[in-house]
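There are two complexes below, and they share chain A, which is joined by chain B in the first and by chain C in the second.
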Partner chain A sequence: MNNFTGLLLAGLVGLLLVSCGKDEQRELPILGIPKITDGDTIPHRIPDFKFTNQDSQIVTNETFENAMYVADFFFTSCPTICPKLTRSMLRIHDYFEGRDDLLFLSHTIDVRRDSIPRLKLYAENIGVTSDRWHFVTGDEDEIYDIAEDYMSIALEDPDAPGGFDHSGWLILVDQNRHIRSFCDGTEDEDVDRLIKDIKLLMDE
Partner chain B sequence: MAAIALLGVTISLSACADNGEKSEEEKMDHLLDREDDVMVIHDEVMPLNNDLRIKANELMAYFEENVEDLDEEAQVELRRLVERLENAREGMMTWMSDWSDTDRDAMEYEEALEYFDREEERISEVADAMRGSLKDAEEFLKKHTGNGDDHENES
Partner chain C sequence: MSKSLQLSVVLMALIIGAFTIFHSSCDFNPHRHGEWLFEMHCANCHMEDGTGLGELIPDLWESPYLQKTTIHEAACLIRHGIKTPDPLDPDLEIYPMPPNYELTESEIANILNYIGNNFGNEAGYINPTKLKEVLSDCPNAEDRQW
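This part shows the complex of A and B:
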């Protein structure tokens, strides 16, 4: 084997290794139904929003300008699914402790009862003191409208449950407002998969 | 003789059990079962909660588009249906809030049994109101537009 053949062989092996690595490090797709405007396909994007968090601070898209986030919909008196959902959010929150590029956004769908003090108490009761996790309230219609937008990915998934009140989904959104992954927050294994997807997104 | 004595003890123990005296463990199991009975009713209808909001919005949109074509009776019926849908949804949210705010662990056995009986009745009424208002709203829309999703067979 001359030098040239050796180099070629080494190159091929290197290429193979890189290809394999890329296969494992798959890129997350952009989810949601894209818009087609003037022949251009525009990927789905989370629309503008403005809510208030447990510390009475205004939370908008700009809050997440330099960070990805996990979103969910809950209410503090929900007796069945939400406690599991919150435990899963907490698990992800604690897993990525110290990562300021990953934030959390929990929207209450019971704006009549879930006042700001009640959201604050809920956050404290589960041990959330960091400013990475926003429990927000706002105009009921705006919350429901944006929930439908987040859940629009359900239209692509025939197995998705109907009605986000009981869907239990956790949704991963990137810095560009694109939904990149989601999971059933009531299923531990599915949450594990989301954690892997978050790591992938962090490496992008 | 020993066999007769043993039989006597066994009969006495059975009699105690038949008196309705439950052990602490049995009481706890019974309370957990009663709690489940209540939650089963909640879980059956909770997925309809968002449908109530959607249906109320559909009715309101229909009202706004067709207000001039609807006679007085139909307008009154539509408003009443919207109110029933909203009340049914509010009824479920209030029930969950009350359930969440109640410290059931602090209750004595008898008190807890009465509580679960009461809540079973309350959540059944909420469930009936949810199913009933949805069904009537759909029938209204079907009658006036020929459309309406069927919730009749949903649990």
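This part shows the complex of A and C:
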């Protein structure tokens, strides 16, 4: 081995060590645009909400008082990315089977068609219950507004397939209503990364 | 550059070239176009690996449907989608699977050859002339219930 290859090898090993080390002590940031009032920086929080789930139970911030949760936006008759999003949510749900400190919150953005019985049928068809996964409906504007707080897009758009446009993020929220991570629910590798982030948050 | 270095560079290039050619022929995939179309038009629902979603979207692995119908009949399903009465409101009809009017006959053939011979299925291959005939005469194409 000459000097040059030796150096190259050492460099590569070094790089590997650095990147591994970084991963281990990574801390999840608090995401979103902070508010600045009276010189204080207040991190972004999910505001108060009140929705109804597939079992006609009221779901509010208190529902998630002792749990972190993964949120998304979808509708049951969506012909595009929703089945994939739901499938990714389901993968996370099944991965953390038995952990009651991780819940799931799916907001319909099609409140007219997605009645409570329809949300119930959808949940039953993928084999999940409101013990861990809430499919919620509510006031249309409240849902569209809160989507922005989850850094997501949700809006009615007659030109979009199925009549609604929305982004495919899965958003991880901690017990203090802070967004700590998110991923593209249509990309399996990105979902794997979110699973790692959930583990980090569980260890906090 | 020294002679031996030149020689080793050339050798290296040859090895890499040979490897690339060999490698791509190993990877030969007879359904590449069908796979690509499937990912574009179907994988949103049936998933890239064909496993579907619970009771909502059927798993295409060892599909009883593809086994009991002929692969040509399946072409009508892809062209016209699936229309069923809404389980919660029998007066309404829904499309759990949307129609695909924009796909050409050969695109449908490629998709079917892909799903019919992957995911553990052995549905055989499509005869293009027969496919044309079948597609022009799908039963109740306008108002089909599966």
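Assume the second predicted complex is superposed on the first by the 165 of 204 C-alpha atoms of A that agree within 3 Å, B and C clash if a C-alpha of one lies under 4 Å from a C-alpha of the other, contacts with A are read in each partner's own complex, and residues count from 1 in each chain.
Keep in mind that, in the parts below, contacts are C-beta pairs under 8 Å (C-beta built on N, C-alpha and C of every residue); 3 or more make two chains touch, one makes a residue touch a chain.
What you see is a predicted model; the values in this text were computed from it and never measured.
*Asks:* Going by the contact rule set out at the top, does A:Asn125 touch chain B (first), chain C (second), both, or neither?
*Replies:* second
*Asks:* Using the superposition on chain A described above, determine whether A:Tyr144 touches chain B (first), chain C (second), both, or neither.
*Replies:* A:Tyr144 contacts chain B only, not chain C.
*Asks:* Now for A:Lys84: first (chain B), second (chain C), both, or neither, which partner does it touch?
*Replies:* second
*Asks:* Please work out whether A:Gly39 is in contact with chain B alone, chain C alone, both, or neither, and reply first, second, both or neither.
*Replies:* Neither partner.
*Asks:* Figure out whether A:Pro117 sits in contact with chain B (first) or chain C (second), or with both, or with neither.
*Replies:* The answer is second: A:Pro117 touches chain C but not chain B.
*Asks:* Based on the superposed arrangement, let me know which partner A:Gly98 touches: chain B (first), chain C (second), both, or neither?
*Replies:* neither
*Asks:* Do chain B and chain C touch any of the same residues on chain A, and if so, which?
*Replies:* On chain A, the overlap between the chain B and chain C contacts is residues 77, 79-80.
*Asks:* Per the contact definition, I'd like the list of chain A residues that touch chain B in the complex.
*Replies:* Touching chain B from chain A are residues 75-80, 110, 112-113, 144, 161-166.
*Asks:* Please give the residue numbers of chain B that touch chain A in the complex, ascending.
*Replies:* Counting only chain B, the residues touching chain A are 39, 42-43, 46-51, 53, 90, 93, 96-97, 99-101.
*Asks:* Which residues, counting only chain C, touch chain A once they are in their complex?
*Replies:* Touching chain A: residues 43-45, 47, 53-57, 87-88, 94, 98 of chain C.
*Asks:* Quick check: in the complex, which residue numbers of chain A touch chain C?
*Replies:* 77, 79-81, 83-84, 86-87, 90, 115, 117-118, 121-122, 124-127
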